[in-house]
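Pasting a structure here, questions to come.
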Amino acid sequence: ADTIKVGVLHSLSGTMAISETTLKDTVLMMVDEQNKKGGLLGKKIEAVVVDPASNWPLFAEKGRELLTKDKVDVIFGSWTSVSRKSVLPVLEELNGLMFYPVQYEGEESSKNVFYTGAAPNQQAIPAVDYLMNDLGVERFVLAGTDYVYPRTTNKILEAYLKGKGVAAKDIMINYTPFGHSDWQSIVSDIKKFGSEGKKTAVVSTINGDANVPFYKELGNQGISSEDIPVVAFSVGEEELSGLDTKPLVGHLAAWNYFQSVETPENEAFIKAWHAYTKNPDRVTNDPMEATYIGFKMWANAVTKAGTTDVDAVEQAMIGQETPNLTGGIAVMNKNHHLSKPVLIGEIQDDGQFEVVWETDGVVAGDAWSDFLPGSKDLISDWTAPIKCGNYNTQTKTCSGQNY
Amino acid sequence: MLAELGEAKIKDMEPILVRIEAVSDESVLPLLRTLLNGNLYYNEAEKKVIGQFESNGETYYKDVFTDEINAGIDKRDVDKIRVNNKLRGYLRNAIARIQLTSKSPSVRENAVRELLSKLDGSTVAVLEGLYTNETNKKVKDAMGLALAMNTASQTELAASNRIAAIEKLSSSLENDVRNLLTTLTRDDNTAVVSAANIALEKIAQRANRFAFVDQLFFGLSLGSVLLLASIGLAITFGVMGVINMAHGEMIMLGAYTTYVVQLIMPNYIDYSIWVAIPAAFLVSGLMGVLIERLVICRLHGRPLETLLATFGISLILQQLVRTIFSPLNRQVSTPSWMSGSWEINPVLSLTLNRLYILAFALLVFIVLVIVLKKTSLGLNVRAVSQNRNMAKAMGVKTNWVDAMTFGLGSGIAGIAGVALSQLTNVGPNLGQSYIIDSFMVVVFGGVGNLLGTLVAAFTLGIATKFLEPTTGAVLAAILVLVFIILFIQKRPKGLFPQKGRAAE
Amino acid sequence: MSTLASNTLESTREFFRRDQVWPFLAPEQAAVNVDNQMILYVEDLNLSFDGFKALNNLNLYINDGELRCLIGANGAGKTTLMDVITGKTQCDSGTVFFGQNHNLLNKDEAEIAQLGIGRKFQKPTVFEEQTVFDNLELSLKTDKRVLPTLFSRLTPTQIDRIDEVLKTIGLAKQRFMLAGALSHGQKQWLEIGMLLVAEPRLLLIDEPVAGMTAQETERTAELLTSLAGERTVIVVEHDMEFVRSIARTVTVLHQGSVLAEGTMDQIQSNKDVIEVYLGEEAAAGEQA
Amino acid sequence: MTRLTAWFSEGRSTGKHTLPFVVILLSVTILASAANLFLPADSIFYVSTYTITLLGKYLCYAMLALAVDIIWGYCGILSLGHGAFFALGGYAMGMYLMRQIGDRGVYGNPLLPDFMVFLDWKELPWFWLGMDQFWFAMLMAVFIPGLLAFVFGWLAFRSRVTGVYLSIMTQALTYALLLAFFRNEMGFGGNNGLTDFKEILGFNLQADSTRVALFLITAILLAVIFVISQKILSSRFGKVVLAIRDSESRSRFIGYRTDRYKVWLFVYSAVIAGIAGALYVPQVGIINPGEFSPINSIEMVIWVAVGGRGTLIGAVIGALLVNYAKTRFTAIMPDAWLFALGAMFVLVTLYLPKGLMGLYGQLKAKRNTVMNKESQA
Amino acid sequence: MISINKVDQLYGGTQILWGLDLDIVPGSITCIMGRNGVGKTTLLKAIMGLLPITKGEITMEGEILNKQSAEKRAYSGIGYVPQGRDIFPMLTVEENLRIGLPVRGKRTKDSPKEIPEKIFELFPVLKDMLHRRGGDLSGGQQQQLAIGRALVLEPKVLILDEPNEGIQPNIVKQIGDVILKLNEEEGLTVILVEQKLGFARRVGKEFRLMEKGRIVAADKMENLNDTLIKQYLAV
């Protein structure tokens, strides 16, 4: 082929369009920039955009379409876990390559996927540490949408908190359906739970759209961040842009990236983004950085391998280093997850986050959580001799491979 | 000292603030408030702190003490003095401590209540000093409460004193009181423990009553949202018989209209709602008329086809909004008079936005009923929906009636959008999330019966909210659905069925 | 307590009655018992709609094989009576027996129809989107349960029967036309045809000659008289000429109860009937 | 039995589209399969596995559309919840496929599917028992939808719930199931559903031959169901069903217990939907609660409306066409495809009141009149 | 008054009216007769504007009606009592009658707020049933309501399609009287489709016989003889 093809598999319609459209634009911007630099291996990069329309089986179908019909060399895509799980068998069957840019529950490592978002140990655990150590929080509300990511994260956190001596009655767990919009009772429960004398915080894994009504209700019921801070793992700059943030000032989020971090790389990135979208008000967020890092690493890996052949690129990827937008260097580990710094930010009234805490160095993403009984013995290592995504260190076996 | 504040790191700020508090009186309040709001800036060059203010969309800087405008300064000259949660907590308490001597009794009372959970020795000493001289009854009560709390918690005091204090506490609903009593139930002194238990019991009884009111309010409020969302559909679907899948998008248009109105008048957010309501009615209503004239009017006598066409229209409208406004959610601000809550007592507070929306929903309902009952439109539209040809033969301008009715239903959906924009996302999927509930409400109430829609909305709202605490949100939703399915078996035509020979 | 238990037991039994759950297990319908020469017993029937008494202590007995005319002012309750008999409307109190052994009040429309009670509605109702022929086929006297219907085919005798009826009702040419496209009068005829092929024991006919020409009215009269004897016919009609041409016994309803009953002549000279129904002139005119 | 054979051999009632449909369907599928298996990938006649999978999916949708049409087009019961039956069939198949993974899951647990290990379940819930047997799972794929349809239909039709009330209740049904299956406690994998399947009856699901086989089976079953449905609907049972659509109360007055007819037709339709779901899952590789979403069920109705309600062939064509349009549009104009699809729905309703089959009918009528005129001249 | 010129009408593919000509004399009562299915109702609907005609012209007092919508025609003074009554079933009797008030307002120049008492004088039942749903009335009551409803419009021409279907004898007579009275006292032009010869003879002043979508005989009522009846009305 005379071009290198990059598939973009992000929903442009349906419920997930809100989040995913931005990532499509990010990939297109990266492709643009790379082409301005002369492309890759002397060829132009061509982006192929399809719309899986927030319909999970459609992700598999569109993934197959990209790989067999359009013959793309790499795919950037997916947001929800289920969409990733849906394309995964297709990727493995057709030996495609995908970069997945969103924080997720972990417990997965595929040869054909690189996970550039945060694993639970890169978001949840540092955040809880911060709450306990810096804010003196003793009671926790784990509020989430009822799906795998919150379930897993909360399981991990529960185990972690109990390990730290938090009593079971000081942990309240609550699940709500997708798109839940009537938060009155839950917020009032949280308020009650938080007014029993001990410093309380909410750890929120509430997904997507449900956040706006949740925060509005928090504001209206007068729960300020000083009384009961909320630390969220799915609320970033973009989610806040749909919200009047004045009542939310002081609530927290844990990410690997904030737009407000001042580094030259970030400044350049934001500038490029504003130029690309022709909108000086567009915000940037963590999954965009993950996409950015993923794309850079892929480009480097292709250059290093001298080909776009998936197996070669996959091996070349491991050990790739790219500067983070927030400073420091991101490294692709053997388990296809990144090492990244973890930042905790407070919401400001301009919809940005103010970093209030960060890890000293980078944290390596953990494919398999150490806090879950099923997976504490599992590791992932895609280099010889193990070459396996779920290797049991006890039984020294590897299971669940499709090839 | 102030300059230090400007240069200090967040970690080092607390001691500075303590010093500031120690030397000052009410005159520093503006400084602390500005800092609390995050509007305090530091001018490096002049080594001065100044406040940032905004009006008419322009930012300017003022001296926080003198209110003198520093004209020459712009954004680049100043750095924000950042605060974090811990500091905000400290600031709030500091303000309260300073305000204990404020002239306004209500300010004093709030200050006391603010400090209930932070009763340290020095505060108590200050309170004791103020208590005797306090003239205002309410403030005095609050201070008495604080002092009683202090007394009750002092283990070295005589049990009888403490018990008396506990009895005094049992009439309060304050959280801090309850927390204190709960700790006292673990006291060494058994008499104190039993007194605390009795007091807690008493408080719990009162609190439960209020909790019920609270839940009822949640239910009514959810009901009002359902009512608003479905009332337009009760017209287009219930009365006209159009299976209007684009109803949700009409709501969405209303919400986006609110957004645009706020965009146009950014400095009058508080009044924007009053513009947004008629604007949304017009936008959605006109869109409704357009849809009716272009599509629905050609589908007379084919009600099921309206499902197909309006579904297509809903897809188009969604994508239209996505193209124009981007797929991201838009930010709609809440006017200040609608934010916050109406605190009736420490355990019962009703959020203002929901209160207004409840009232608004009822108002819209009543106006609509009057329009349909008192104007010929109501009669004509029913006649047209029952027998179009005969209505024509009786001189009813069926085209006009159809367009007006559909416009009315859509317009009301638009108004609902204004209200919903205050509660939830304003995004392209807004409509989708309400369409199913809306149909459910209309059908549950009985198609073609506005009163049924009202009752159904509130029934479902209240049922959901009373189930939720025991079952969780997901199960509550499922149970309500199952309940509706079973209920319809008993009453196959909804709560208020159409009766009579012709209804079969 | 025990009554509660037995009640629940009873209702559970009712719930799981095998003939209701599995249609093919339903017992064959017992034959109609007409030992007393009487086929329909309507006793003390009461029915009110929002306070308005549509049927008021109505008593009516119909002999087997009789042709009975039912007349009465508009709104007297004739159609409502038929509604009650055919199970369309539930009455407030009273009894309706078909033969001596079938209580019609606890049966639904389909059961009643299967017992052999056919009805023609005041406003013609036919299956508009099916052909005239199919309309008749559906009405044939056959096993109407699900499985037998699924596997049934038209027998030559049935086809002949339909053809015959088509001729009788004058719609032979329209046999493959959609019933919805028929004119009002033609629909009336089709509905009569549907009654004929069903071969019911008791026919309830609500205003058959409305909208028919004089000749057609005559033909209808002939048809109905020929049916009587073998079948029992109850006709409601306002066309006095028609009623006279067929009537043996006439029952007059008024405000939900029987006002008078007797031969046509008796009725026509009855003062009350003249006052509320026939009108002075009409009665006089008819007698002249 | 003889009655059965007689019933099938009877000529009068077979629809005139049946034979051509079956012939075209089967020959296209067989040719496509052969092209996929036996031609080299660079041949111009080669049909890629992608296309085969896509076609297989379309055929499942066609079967589902058939189910919707039977109940809506012929009996006038607008079900906005057929996605529920489809998904239940799919889940039955998904559970079987999940159990087939055995210890090849990521956690290597021989008994529990990954998502259970992951959420720390200790043993298999009772409703997963037996699902490792293909025959049992397939039985469930038709039994569960059928049972649900029976219970729901029996309740609803007996109480004479009709029209929009019924439609919205079916919608409530599927919506309730959606919420229930989203719950992780339910033991069906929550939002993620069931995925990562490996084998069906010992055949590798990723092998081309397995895919082709599934595709062929789908086509054959579609043909069979089509013929049976055509038979049922053109029997007197079918006429009764039409009569119920026209005027249910009149049908009762001639002695048909319409509720039973409706229940059985509803069950039949649900079973077809269940079969479609069971065939769909191995071909797309995932089943999750999204399939229960009310919007999906509405879309099914729309396929039927586009194709032409009340003709079986119309339902099939509608499903194929709309889904093909969706596939094409989402690829060619990812940003604007909703405009195209939406406009298509609006235009079809306005200009083709009886769907595509209605258009076909009109064209034929026109040709006939032209021909008549010519022959008269 | 109304004249119809060479009108064709088709339902889908089948032609019902074939070049039909008809003249309605102002102030007369014209009775249209014919067997079932010859197109009487179709003709009346075409006059009212409820069915489009494919060819020809319909004029009323010289004004061409063809392109006018039915509601315009109602304002021009045509009142219609359809076959099968077509009451608005879920509206109360009162509402059924009120529907026509705006037209009446335009036509009589005094905008009445109330239903004219005249209607209740003609049909006293309606007064008793004022708050009952139209659909609940008995067949005959509905028929009376339908006529009353048309009269609310204060029409110049009243079209009646088999108005006596299902009406008790004394009211049949009364309806006849009403028609005659309105015709005589207010000069109302009436077009009446009627099957019952007796009534037609009593009320009608002119007759038109129809067959297969055409008018085949037209004359004064006195001249309606047995040969014509046998030829066009017998089966």
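Order of writing sets the chain letters: A, B, C, D and E. Residues in each chain are counted from 1.
FYI, contacts are C-beta pairs under 8 Å (C-beta built on N, C-alpha and C of every residue); 3 or more make two chains touch, one makes a residue touch a chain.
This structure is a prediction, so every number in the text was calculated from the model and none was measured.
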Contact steps required, at the very least, to link chain A with chain C come to 2
Higher number of C-beta pairs in contact (B-E or B-D) found for B-D
Kindly work out which chain lies most centrally, taking the average of its C-alpha atoms as its position.
D
Farthest CA centroid from chain C: chain A
Would you mind pulling out the distance in Å between where the CA atoms of chain B average out and where those of chain D do?
44
Interchain centroid distance [CA atoms averaged], chain B/chain C, Å:
62
Centroid from C-alpha atoms only, then distance chain A to chain D, rounded to Å. What do you get?
36
Taking each chain's mean CA coordinate, chain C and chain E are separated, in whole Å, by 31
Which chain C residues touch at least two other chains?
none
Which chain D residues reach two or more other chains?
179, 182-183, 249, 335, 338
Any chance you could list the residues of chain E touching two or more other chains?
136
Chain B touches which residues of chain D in the complex?
78, 152, 155-156, 159-162, 164-165, 168-169, 171-173, 175-176, 179-180, 182-183, 249, 294-295, 298, 301-302, 305-306, 309, 335-336, 338-339, 341-346, 348-350, 353
In the complex of these two chains, what residues of chain D are touching chain C?
3-4, 6-7, 10, 232, 235-237, 239-240, 242-243, 245-247, 249-258, 260-261, 264
The residues of chain E that touch chain B in their complex are 48-50, 69-71, 74-75, 80, 82, 86, 88-91, 95, 98-100, 102-103, 133-136, 149, 153
Mind listing the chain A positions that touch chain B in their complex?
12-15, 17-18, 21-22, 134-135, 146, 174-177, 179-182, 184-186, 188-189, 195-197, 209, 212-213, 216-217, 219-222, 224-226, 229, 238-239, 241-244, 247, 249-250, 346, 348-349, 354, 356
Once bound in the complex, which stretches of chain E touch chain C?
11, 14, 35-37, 41, 83-84, 125, 132, 136-141, 143-144, 162, 165-174, 195-197, 233-235
